[in-house]
Every structure is written in C-alpha cells, then in structure tokens.
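Multiple structures follow.
What follows is subunit A paired twice: with subunit B in the first complex and subunit C in the second.
So, the complex of A and B:
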C-alpha cells in the first residue's frame, strides 16, 4: 500500500473517466484492441495505480493483469502516473511500439508478467506471493482475472494451491462483468455459485460493486484484516462501462468503433471529464 | 509529551470495575498526586455519574466534584473524565481548568448516542476523546472505515481504539493503525487502550509506537500495575520505562513504584486482575470476556472444556454477552460428558 495516500473519491472517479477516454483513443487509433473488458476493469485498475501500487519502489506490491487483453486500462493508468508517455498512447498495437496488445514485461517491466494466454495470471500470483512469504516480505500480490477466464482449468489449480498454502498476501480480483467474450459467462459454462466455490477452496471472498471507488477502497484496504487465507474480491462490473451503447453489449468485447461511434463515445466521456483535462488527453 | 506520544493513566477509572470505584479518599488523592509527580501527561480521574458524590469513591457528578481530588500542584499533568452512559449536558461548561478532556464511549449499539455526546462535549468547550469500545471485534471493516469518516466530521481531540476483549495480535495492531491513519484526519490524536487477555499488551503498545507516523500524535492508555477488570490492562509503569529508555522522557519511576507498593499490590491481593488462560481463549474466539468468566466461576470445567465450549459462540452473540446461551452451552457440554443429569 502506498504510504500517506489521502483517498479522494471524486478525484479517483475523475481519473477513471480520463482513463476511459485514453482507452477509447488507444483502441480507435490502433484500430485494434478490447474495449469492453478494459472499460469494466478501469475503475479498479485506476484505484490500484493511484492508491496501492508504488511503482517507484522495487519492493512494491505487485499487480498482475491476467486478462491481458484489457491492457489498455493499465496503459491508461500508466499514462496517468507517468510510466507511459502521452505520445506513446497512439502507438498501441503498432509495429515496434512498447504498447503491445497484451501485457509484455520485456517492453514495460511494470506490467510484471507477460500475459495473453488466459488462465496463467493466478499461477504467477501464487508463485510471487509464495516467494514474498519466503522472503518475509509484507507486500501483497494482486491479480485480476475475468469471470470468463475462470473457465480455464489452470485457474482452479492455482486457487487450490493458494488456499492450501494460506497465501494471505494474495488478492484475486475477478472482473465479474458477466460476459465471456461476446456471450454470457453462464451460457458458456456456469461458474456459480462462485463465492461458495472459492470459499470451499479456502479463500476469503468479498462481493463489491467494481465501479464504486468507495467500495473498492474499502474492500482493498480492509482485506488486510483477514489472516491465514488468500482473499478474493468478486467485483461486479459492467462490460463497456462508461460508454452508453457499449455497456453490456458483448459485441464490444472486440469491436472497433467506426468514426461516428468513436465521436459519440468520445463526446460522452468528455462530458464526464469536463474542462481543460480533456485537452491533456 | 515527547515525540508526539501522550501517556494517559486510567487506574482510577479502569480499577473501578473491581470495586465500584471505592478506593478510599487517601488512595484516590495519593494516586492522582503521585501520577502528577511522575509526570504522566493525562490522568483519568474516574467515571462521570449521576450519583451523589462520595469522596471515598472515584465517581464524579460534576467537574467541581472531580476538582476536589486534584493536588495543589498538578505539575504539567492534565485530567480527564469518562462519560459512559452519561449525558454530558449534566456537567458544567469548560472553565479553562486542568480537567479539560471528556472521554465519550461509542459502542456498536449506541454509536449515534456517542456522536451526540461528543458534539455536546465539544460545544461545552472541552476536548473530546471518542472511545471506540471493542473497536476491532464489534464492527465490520466497512463500519470501521465509515466510523472514521463520521468521526472526522465531528473532529474530536482524539479517538481511542479500545481492544476491549484483548483480540489483537501484532498483525492486527498494525492493521488497525494503518486503517485509522489512512481514514482519520491527520490532526486527530490516535489512541489505543489495551488489555492483557493474551499477555502481550506491552508488546502491542511498543509496536503501535514503532509504526506510528511521527507527525501523528499517539495516546497510550495504561494503568498502575495493570489494574482493571481481569485480565487487566497495559501497565503504565512498563510503557513509562519504555518511553524513558527509547524516547528520552523523564517519567519519575520512583513516584510510580511508590504508588504500586503503597496501594496496588495490596489491592491485587484482595482481588486479582492478572492474565488467566480462559480470557486468552475468549479473545481467540473474538468474544466477550464474560463468557470465560462464567465458565471460570462454575469451577468445574478445565481449560480443554472451556476451549471447546467457547468455540460455539457465534455471530451477534460474540461481542455482546448472552448468558442464556453460555448457560445452555455449559449444560449441554456437561450432559454430553455425563456430569449432569436431568
């Protein structure tokens, strides 16, 4: 946890709106990318970047974005805190760009691990959390996966292992936007009752609204009070959150907006941001 | 105060749980005087009460009553009173005297009443300390955070997190400090009130002082020789020695040890308040100490039995005390063991 952070929820919401516009611009400019899942994860990633992960320190908490296709949300926050430069944003998914379509730690070490093949992030997280225990570090490892990603078998191996070793320095965040790619998760393979399943694997589980900065802050902060179990936040979110015609529409898992759609979406986000901040993005 | 650390003695208030505050006039006056000579920053004189004032008892109906136990020379010590289930409207407005701090209690069930009393205290001109009873065990994590936000709104002089049933271990003291420091306005003093359920209150106090932000003022409660409802409190003499050794203070230990010799060792022989394992077990389960007390008083259950019986106290019954429940659990346990026949 970053030291001496004064949490200002309005400011965090404002940054999240700016990050949404950055996400939209990256996918639009790169004519490639995944808007829906990046927008659903945006508030949590913003919070982690602003309030939790101290990227200036090598001895930091770690954040693994296992659902690597939502990487624009991470790049947007990296831009906000200065790891990614303004001029880089328009290079997303272009040749020789640092901003690849999924996290790539060789290009941007702050992404911690290279992802893209879904289902691996929790395993990375278990390894890191285990290592921190061995080193007697008090730092925490945060991993974000998609709800559809829980269909991957490797996830459950890692969940089982984390429970067995009581890795209470591991926090799993499930972006529960209800859509797996373009269709309802429950129609593909049902994952409910998710909470009870996780609890049966030895996890402490908390449900939150993944777009409420107050609930995100409260959950992330107070999870520290749980000892002897790995912890999971099931963050109930909306795929495409923040852009009206993208919300809960599976097409926007991978769709690229037309110029007309882009302009409508941009206008909606700029209205939320307001003022001079729009110009700086 | 040194290094933004204030020590507050609550012997006459916490000790009154043992004897209703009936310490006798000499002990009350000598204790207050000795603590002033020792250089203790704050002395809590006792509970505020609506009962008629009796000079033999450390209960007070007014500031004027409480002033009667102060020595002529109070040195640099200031004084507090505890308003527990007491409407602060019943006391005088603050007159600039040395009794300037009113400590108001907040339970999970009377939080709003606590807020109201705190506002009244501030309005009357006193410094107010918000004492959060069973802070760690009674509130959900969300409630803890919301409590801090609400307390910021009334902006008291201090808050004190009471580990009423001795639930905290070192990781938890680190957590509650970080939580409070994050959400509480930086100029509100952050205090801790510790009990000896696990026999580690001195270690917890040290850890609290180690991790505290140097700019945040800390308030540490303690009592002479640990006096308080069994299993007792953080010993003020220990934390004074710690302060003298590591923070360069000059708390006068002679004065403190004289008081302990003269009164507190004798008192403890009459009614012990030390560590007892059943209270460590009740704290392990995060439950009210009275459940352990009930079983101890039965006199026919061992530690093994107590551990098994107390494991069955759950949910809302944990912080409150449900005598019917523990009676039922006790009888059931005895029946199962064949000790009791119906």
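So, the complex of A and C:
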C-alpha cells in the first residue's frame, strides 16, 4: 500500500541525490563500506522509503535488503525519514554505533533482517510472505538482491519455492548493475537469460530502468494488481551511479575515496542537490 | 533393570507432540524439506495443512524461510534428519541466531542412527555445530516421553533452539508428561561415588548397558542424563566432579565438540577430584551398517564404558 497518493518525481529525485551525498559521507567518514552497490540501489530504496513502507506500523510491508553491503543507501533514506539521526551518520561501521556494516535488525529494527551473507534474503521473504498470507494481511514483502547474488544456490531454492506457492505478495527487486566485486557478472558466471530463467520458475518479471523514478513507481504500482505469481523487477542500474568517476567501475565496489576523490564526488553531488539542502547533510 | 523397560523409537513422539501443542497455540508452524514421513511430521501436515510448509529438498532456504516466519511472530519448527536440519545449514542457522529469532530446529537420526545410509548421513557433529553458535539452546532428550517433554520446553522458551532426537530404539525410562527443565541435568540413579556415567539422550541404551555392567562388577556410581547441552548444568557437574573418581561421558557424537568437550569446558580452570573419560566417536568417519553395529564396532558400547570406569 502506498503511503501517499500523489508522487512528486522531482522531489523523489532530489531526495535520492541527498541520499547519495549521505552515502558518500558515511563511507568517507567510516573509511569503510561499499559505495558502488549502494549508489546503484539508491533510487529504488529512496522510492520505497518515501512512497511504500510505513515504518510507523508493526504490521507493515517489509523491505529486506539481502545485498546488505548496500546498507548505506538504507541508512541514508532512514535519515531522510527520521529513523537515523544526523549525528549517527558519521558513526557508520564504528564501535558502539547503531550503523553496522551490514543490516542489523537488533540495532535498527526497521532494517527487518540482519543480512549480508548473500543468498539468504529471498528465503526470509518467502517466510514472511507465508506469514502475511496466514495472517490474512494484505501487506507486501519486498526483497532486494544484487545481480551477482544470483550466483548463490539458495536464491534458486527460494525462487522455486515462491513460484511453487504462487506468492503474489512477494516482490523481488534485482539490482542489475552488471558488476560483481570487481568485474562484470557475466565474466564471473553468466546469469543470462535472467528474465527467462525467472519466468520459467513461475515468476512475473518486469525490466525497468532502476534510476527512473517514473519507471520504479509504475512498476511497483502496476505489480499490485498482478495476482497468482511472485513478481520480480529487474532494475537495470549503474554501479556507482551519480558520481562520474565511480560509474561502471568495478573497483568502486568497496574502494574508499581519497580526500581528493571525496572532494570531487562531493562537489558533483552538491551541484545536483543545490541550495540550502546541502548544508543540512 | 534395563530389561524391565519397553523400547520405542523416540522420534515417533515428534508429530503427535507438535499436533497437541498446535491445538493450543496457533503460532506453531512446521517446516519440512521432503522428509516429513521419515521424521514423523506427516501427521502434522494432515492435521494442520495450512500451518505445514513442505519446502522441498532445499534445507538452506527452509531454515531462512523459517527465520522470516519467526520475524512475523510465528513459531516455526523445522524438522528433518539432523544431517539436513543441522549439517546442511550452518550459515543459515547462524544467521537465525544472529537475528535472534524464535526458530525451533529438530534433528532426528542423531549420531550414527541413520547407520545404513553411510558416512555422509551420520550426524556426529551437530552438538558441536549448534552449541558453538551464540544464543542457541541445545537439547538432547532420550526416550519418547522425554522427547515430548523437551519439545514442550523448547516451544515454551523464546529464542533459537536445536534438539537432537534418536532414530534407534531406546528404553522408555521416563513416564508420560515427565518434567523437563532446560539447563538442569537429571539424576537417574545415585548409588555411590566410584564413577558417574553422563550421557546424551541418543546413547541412552548403550549408557544404560554400561551402567548395569559396572554394577555387576560391584562398582557403585551415578547415572546422569545431561538433557540440556547448552545451557549445561555447570553447578551440578562441578559438584559431581568433586564427588566421584571418574566421569565417563557417553555420546552418539564425535567427542570433539560434543558432550565430552562441553563437560571438560565446564570443569577446566579449577581443580576437581574426578578425571573425565570419553566414550563416543574419536574424530572419525565410520561406515555403512546397522546403527547398533556401528556403535559396537566404533566404541560406543558397554565394554568401552566399563574400561573407562576400571581405568584400563
């Protein structure tokens, strides 16, 4: 269920840019983390936080970030909606912080599942989808995985199960940024034809541009009225999206920017955000 | 005496106990990975089809899906042969504990109880693999009545719990509805201080034979059912080690990381009277065969228990 009836795409884009600056700052300040995959997932996570998940409700739609290394994108959006405080952002990956290096539901319950060991999140989604149906809840379970994460065998166990049980309250989002930890997914182990593979497992599959708020909104909204199958959005994205020298460069999976690189990246993002909003981040 | 008892297969108590609990508690669900008949939860699938999830031969996904169900407030019970529910799922089980979820795991065919299927199917590391994970409770009930009591106890606590259950027949030494307290050992006999046999549930029959053999040669000791490997009854074990000459641990499991290790860990660091001797499997893969014959051949037997008591 959407939180708001009207969606302002320009406003969403603006928030996503702010979130990108928060991601950059967290990884810079923590001197540790994964920029590339957080930046590729940022628009979708921003959309879900702004328009879909109502974190004030216990019986809510769920969002599981199975690719837990992209957690800065989630913390950034949590900061935007008030779950993470401004002063916490600089504590990312440090001792005594709530902002652990991958999602941790005991530190921040809104992260839903402690993830990071790749391959397990879709199965959690299957279990939650069972539970929602048993409770006769109309809520939806969203799970995001990386494209390289489909190398994990457990993913295909869960895909098969979701198809078998026709879990139409489960939406899988694949962040198809094309890169593994340093090289193209297709060079590591080919996952194509991904769409056909998912369809053959009983899923309804939609390809979108994962950086277009219009396409994200249209996909999430239209999937609501699809019944009888689990649903997958293959979100075609760019690893490192929004910072020119990081885009499509595998080394930014977990490189930490030098001061010089940080300043260049910061300037690029600030130029996109503009105005007083920069000061608040 | 051992021959006064009837024998039965402990795992056969699982299905009916879960059905009984599910009547009162609509949060209880059962997860299976294609072995519901082998582990006696098929009857649950018939009684509560909407709360039974057959996940296919996919143990890792089953464990994580149980985790998702627990986050939503249900009490998932994953029942499979221990080599599947435990042996195939270390990372997924560890994440369930890391998430601090109320997932219950039952592993049947403990130790070499799936003897004929061979070494791949022998679960001789499950105590080690489960007790090493923070937050995990580890139980090892013996006969069918104790298994039923232990299942009730595991459902009553909040948090992850692993229980191993025998496939081999065991003497029914407990009455129905027997008490079961997690973290407390059960003193079955206390007749002297020459020795103590401390056993885990799926080796009850062999431990009991050892107990009777020791009595037959005039030794007077104690016969202790550990029941709960984690938390372990540390206070009692320390008292025991100060009273008897030798503690013989008996387990249908590797002595590395299992009951012997847990008892040694409880006693290390302080001086105690007793020495500790292990009866179990000594860091080995065994072979195919009837479980009782594997136990006999590889030293989980009364002769080995007796030689430990006699300091041979």
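Some points to look at:
In this text, the second predicted complex is superposed on the first by the 277 of 281 C-alpha atoms of A that agree within 3 Å, B and C clash if a C-alpha of one lies under 4 Å from a C-alpha of the other, contacts with A are read in each partner's own complex, and residues count from 1 in each chain.
Everything below uses one rule, namely that contacts are C-beta pairs under 8 Å (C-beta built on N, C-alpha and C of every residue); 3 or more make two chains touch, one makes a residue touch a chain.
All figures in this text were calculated on a predicted structure; none of them were measured in a lab.
Annotation for the three-chain superposition on subunit A: subunit B and subunit C fit side by side. Once the two complexes are overlaid on the shared chain, A:23 sits clear of subunit B and of subunit C alike.
By the document's definition of touching, neither partner reaches A:232: not subunit B, not subunit C. Of the two partner chains placed by superposition, A:44 touches none, neither subunit B nor subunit C. In the superposition on chain A, contact of A:128 is made with subunit C only, not with subunit B. Once the two structures are overlaid on chain A, subunit A sits at the apex of an angle of 110° toward subunit B and subunit C, using CA centres and rounding to a multiple of 10. Of the two partner chains, subunit B is the only one that A:221 touches; subunit C does not reach it. Shared-chain residue A:174: touches no atom of subunit B or subunit C. Taking subunit B and subunit C in turn and counting the residues of subunit A each one touches, the greater count comes from C. When the two structures are aligned on the shared chain, A:117 is found in touch with subunit C, with no touch to subunit B.
With chain A fitted onto itself, subunit B and subunit C come no nearer than 22 Å, counting C-alpha atoms only.
Contacts of subunit A with subunit B, set against its contacts with subunit C after fitting on chain A, share not one residue. Taken together, the subunit A residues at the contact with subunit C in this complex read 105-106, 112-115, 117, 119-132, 134-135, 153-154, 157-158, 160-161, 164. On subunit B, the positions that touch subunit A within their shared complex are 141-142, 144-145, 171-172, 175, 178-179, 182-183, 213.
Across the interface of their complex, subunit A is touched by residues 29, 50-51, 53, 55-56, 58, 60-74, 76, 91-92, 95, 98-100 of subunit C.
Within the complex formed with subunit B, the residues of subunit A that make contact are 1, 4-5, 7, 217-218, 221-225, 227.
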